[in-house]
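Notes follow once the structure below has been shown.
First chain written, first letter: the chains are A, B, C, D and E, and each begins at residue 1.
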């Protein structure tokens, strides 16, 4: 087993474990922290897949900006374990079961999917994930959607202002 | 790495996100679980992008196939950021009015 | 001739319109003049026609096309031949007399109702004329229903009385039951032959199978049962006595009820070809004759006795028809019209004098107060009892002889009925005219003979009752003496050609005549002796006598068997099936939607978690559906 | 041009009437308008006795639908019925006061336009349009000016018929996609090629719509309630003219379009109709309400018509044609009487009436005429129709005819019950102060009575008028 | 491209006009003028007179169908602004910002009518949705509004997640984001069943079904429509929803290979469920606004027929449906906003006090119910006709019309309240121009109901 494979398994295990911890943590702050761990593991996967740019962006945007925002809001609201509302056990069970069903159905699909047999994701090689290539593609072929996202941001901005101001 | 492994991993993460949405009452946590789902999608996209890239490389060593997947991830992150700003604004607004972020209390509108 | 034909029904129609529309403006004399005049005019035209027919034979004349669709047409046509011209004379003649009588009898009515009365009478004559003059079954049916309508109107003439209205309704509905049979017969004829004109039907009779003919004749006979009050549809006729007495004379004795006989005589060829139906007719007629006679034995209402006697006499006529003695039946129609009209008018005169008292137990000894009425009534009674040489003797004899030819048993039963007839008629006569007066003093004080408008018809009818029989003297007495038979020969030619006539031996016929006459005389004497010194007493009759007084409980039986179940069924349909059943399903569908709405909205719990749960499950289900589509398609293809 | 005028006249005058504020003006205007329509209709019938009056204009070219109108014999006859009914109705209800009379008469006239449209449209989609156009004003008329329970009752009526017409719409669409030239024109519909299974299926889509409108047992339960609760003028339209829409539609759209299915299901329909005849007649016997009695009696009569249509015999169809007109005027006559009595005495219960013959002899005579026409007494118009219809039914199946004929007796029972309880007997506390009705009512009734008599004695012109329509139906069978 | 650019710019303009213009009425007028400009710009684009050419690298594709829908959406918005624009002021102070958001939504609409590929679809949907989350919560002090906003937001994000997972799976299976025309990726061979793609398509379908509130993904609709300020409900329920449908139909008509039996089964299931939930639940509602929310679900059930039959008739029909449904719903909401009491009883006796409002409202309701002579009839007609034409689905059509009859029940409850019941409704004072506009709208509905060809010919011009 090569190093990359070991890393893959380790990161995957950590990601799944942390994701579960996000769910089961009583305290919202813990959840946020576990989520940040998930993001880190995913960034690790990106690195393994040689998508360095996305790895960095993921860390900066998600772990850095978004999660901090979350943390900030949670702190602001002073939410903690005691105030954390819990769902009824049956509701939880139903949620887990239906989520599990969803997972099972999809996985059984993938197992039958013939066109995925023998395909591999290229690891550590390939240069499409490099910032130069991405940048070229983004500003040539994808310039229209890129510009259009500005509208999205504008609307989010206006929205945040409308909602946020007293 | 065989692509199935990535698919399984991402589906597991995605489903954990769904389960989180279904089992938690705190609006912020629910929202975080949605983010988890998005990240699972992102990872899968990158994995697929690399898979297609690998396939393309066998024919053309200079192929850039697969790059659109990574760009898509980029756009998802952008959108996610925008959503977070709006979402948190809404949650804060609600908290200001009710001092609660419990979605089970959101039941003035029903039937 | 053809031009005159239309005048016959036209005059009564004009009379009807004039009296009906002008009843507010016309004075009573004007009304009576219009009413009687119209009928008199008709009578005169009828006479002309009669002699024309006698000289030249009958004919058909078409007025216009009544209904014509592509595969058949019904002309509005009149046929005047021997049979119808005879009936025309009876109808207009007796009709005129009764109109005249009515002008006095109904004098107490308010002008408006007086006008209404004459309008109805004229309309009745009009309808009856249509009935007998129509050249096809549909025109006959028009008259057929028309007389039913007039009967309804006249029975319920005093409409304030609820019982009279019930009687009227009963008459109409029972007539309608018969009409249904008539209608179906007409449909059958159209279906098989595509025509309803007498000429065409009788000419094409060979195209019909025996089953067809039997069915058609049976259905027609059902029509006749209704109109001519035969078992089982007779019960309306006694109740019809609710109408004014002249009406009873005209409609329920002389004319309308004979429509059934006319119709069968008209269709004689069909009946001759359907022996099964003939037997049915004969048996029904005989049964009715005897059955009604038994009831008449114990009735105390003067008009009721006469009514049952009418039913009974009609039974004889049907017996004659069933036995193939069409001429005899028509002959009896004629003589019966004379003496029964006379009886009813006489009864009317009595009732008039007694101030609307109809119970014979409270009469008696009227002989001296009402001499003309008495004499004429007695003559009529002798006629109906069948004493030679009064008219009833000849006609009844002809029927009974024919019945004997068909089946001797018919004859004996018929004679038994005749004896009963003689008995109840003379019971009636005795109780009314002989003995002592049993009414109140006030009534006695006011007793007086009726005015000339009433007595004149009585006299004329009495003459006819006495002499009317001589047009049909049996061959027994003299060869070719039966002038009526010869006159009607063309009408029954077809039947006579088909059917073999057995005439009993002359000696046997003599024996039969003598025997029955003797028996009748004995019965008359018995009746007179029995009731001459009758005193009313409080008696509770029992057994047979009670059953007779209550008319064999037939009305009650009908109520229990038909009317009440039907009412119950209607009530059940109205209150249960309609409300809870059909409407219930419709409203139930509405309620189901409402219920579904209330339940379904609970799904909208307001909980985001639940919403997403449903979504996730739906996704799972969709994926399962997608990958098992073959199974599901098969499942659905089985359902639809 | 005449069919267009017949539609436009009430439509335009109706819209104008919306603006009229004065009750008297509105009444006069409506009467005037209906008389103009009558004149046009008479002109159409008598000046062009042989021609089929045709009008054709582009309407929805993309959909294969045209504004195509045509008056053949049946169309003329029914247009005439519509045109005759409305003046009579307006005349008879001239003294009834309505809130917002302008709107009332506007809606009435719109109904007239819709009805006329139904009878002349030869384009399926246009037909559907008019079908609904006739319904909607009626909904408002009943709901605004109706009786106590008007809202739920009218609503039931509306939804019931609406479901029916939507089903018909599906049927129309289905046939449309199977016409040879993708067109809604009547003649294309007649040539549509459907496979047997689907023909049998789509047949029912049409039939249910028409059955609800007629109504045929067991689709009738909206009707007695609706008749009872509607303002009488509307009830007259409903029962006099609107039920004819269903019958008309069966003859015009059902039999020719589904020739095999209509033969295949003839037995079913006839049995339903016959059951309906007896069922309604029996219920009518037990009714205590004047309006409900007429309603059930009407169901029975309509049942006979539907049976006769499906029997598919020339005589029966001719009878149906004649009877459509005759039933129209007869039942309007009955409603007028019922309304006159209710307006005057405030009750329709037989148990509270009685003795009116003493108080109102003229009304009594006229009611009697209507009643006897209702039981199809010979020499009234209804006899001709019923005679021919029974005849057709008899030729189809004599047992069904025999059973249906029982209604002749039952009709006599309930009608005479009605006559007796209204007119005869002694007066009660309510009928004590009754008097003769207003002249306008009497005149309307007299006109109808004359019509009843004339058509009863001389029905042949009416038969001749609709003869070719019958032939057209039979040819297609 | 005109529409996207102009609407985005107008959004920015409105953003700034909030700072410069203090007169609220003026802001509404600016917005109206902007919309007019937008309509004109789009029309110019439609007829090729003046088009801003941008190399989109195949990301966007402008077809008549989409452009025509743009015109419909913009015109409907214009009508909406004219009828209800002034009522925004009653919701909150930030009128200019609301308009900016509306324009951004329209930008999203224009993207959704011209996307070519899943990336633009995703962006379009997000640009459409994010402003709506805000508008739903615009009434900041109102807890119902807050709740609706948060519910909408959470569920919207969740559905975005589903959508993205679907897109990803499709991408994994096909190697590109151009839905439908899946060319085999070089170097690979298509082996066996594309299970992954199918799963992806299903997830995309579910997410789109969520956006157009098809059952069983409709749950957000009643709560959000009910909780949102009525002014914005009107906009959301009409323009936005119709745009969702256009995107839906566009997306799935790209992928013609989908038309297998299982696809039909699922769409049938969704249609029936939508009709059932929408119509049946609406019956028992007490609030007209909530009833309209359910009715919008029910109408969605009919619009889904376009997806089911997927033929030309269906495409024409969905346009006509958008027009008819938008006109009527905007009209009804315009009136509803003027009412102080949203329950059915609040409408009692409206015909007496406000005959014009009542009459116009009646026309709108009749149109929604699909009564002939109104635009709504032809809308439904096209949907049913397309399904009949597609064949094999007559039972589905029958079920649909039965539910249409049920819909009459609740629409007519309003008519009954207005015309047949007594009461004194309390209504915000309305102006002449408002009445005139209502009458024009009602007249337009009737005209389209009489001559739908006019509108359709416009399309084929």
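Definition applied: a residue touches a chain if its C-beta (ideal position, glycine included) is under 8 Å from a C-beta of that chain, and two chains touch if they have at least 3 such contacts.
If you're wondering where the values come from, they're calculated on a predicted model, not measured in any experiment.
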Graph separation of chain B and chain E (steps between touching chains): 1
Chains touching both chain C and chain D: E
Of all other chains, the one whose Cα centre sits farthest from chain B: C
Of A-B and C-E, whichever chain pair has more C-beta contact pairs: A-B
Most remote chain, CA-based centroid, reference being chain A: C
Chain with minimal offset from the mean of all protein Cα atoms: D
Chain C and chain E: spacing of chain centres that average the CA atoms, whole Å: 77
Between chain C and chain A, distance of the C-alpha-averaged centres to the nearest whole Å: 101
Centre distance in Å when chain B and chain C are each reduced to the mean of their C-alpha atoms: 96
Distance from chain E to chain D - Cα centre to Cα centre, in angstrom: 43
Residues of chain D engaged with two or more neighbouring chains: none
Residues within chain C bordering two or more other chains: 601, 604, 606, 608-609, 612-613, 616, 619, 623, 627
Residues of chain B engaged with two or more neighbouring chains: 3, 7, 14, 17-18, 21-23, 25, 30-31, 48-49, 51, 55, 65-66, 68, 75, 79, 82-83, 86, 90-91, 93, 103-104, 106-110
Touching pairs among all chains present in the structure: A-B, A-C, A-E, B-C, B-E, C-D, C-E, D-E
Parts of chain C lying in touch with chain A, wherever the complex brings them together: 609, 613, 616-617, 619-620, 623-624, 627
Chain B - residues contacting chain E, complex: 3, 7, 14, 17, 21, 27, 30-31, 34, 37-38, 40-41, 44-45, 48-49, 51-52, 55-56, 58-60, 63, 65-66, 68-69, 72, 75-76, 79, 82-83, 86-87, 90-91, 93-94, 97-98, 103, 106-110
Contacting residues of chain E [partner chain D, same complex]: 366, 371-373, 381, 384-385, 388-389, 394, 397-398, 401-402, 404-405, 408-409, 412, 416, 419-420, 451-453, 456-457
Chain B-touching residues of chain A, taken from the complex the two chains share: 4-5, 8, 12, 15-16, 19-20, 22-23, 28, 31-32, 35, 38-39, 42, 45-46, 49-51, 53-54, 57-58, 61-62, 65-66, 69-70, 73-74, 76-77, 79, 84-87, 91-92, 94-96, 98-100, 102-103, 106-107, 110-111, 116, 118-123, 126, 128-129, 133-134, 137-138, 142, 145, 149, 152-153, 155-157, 159-160, 163-164
Chain C-facing residues of chain B, complex: 18, 21-23, 25, 30, 103-104, 106-111
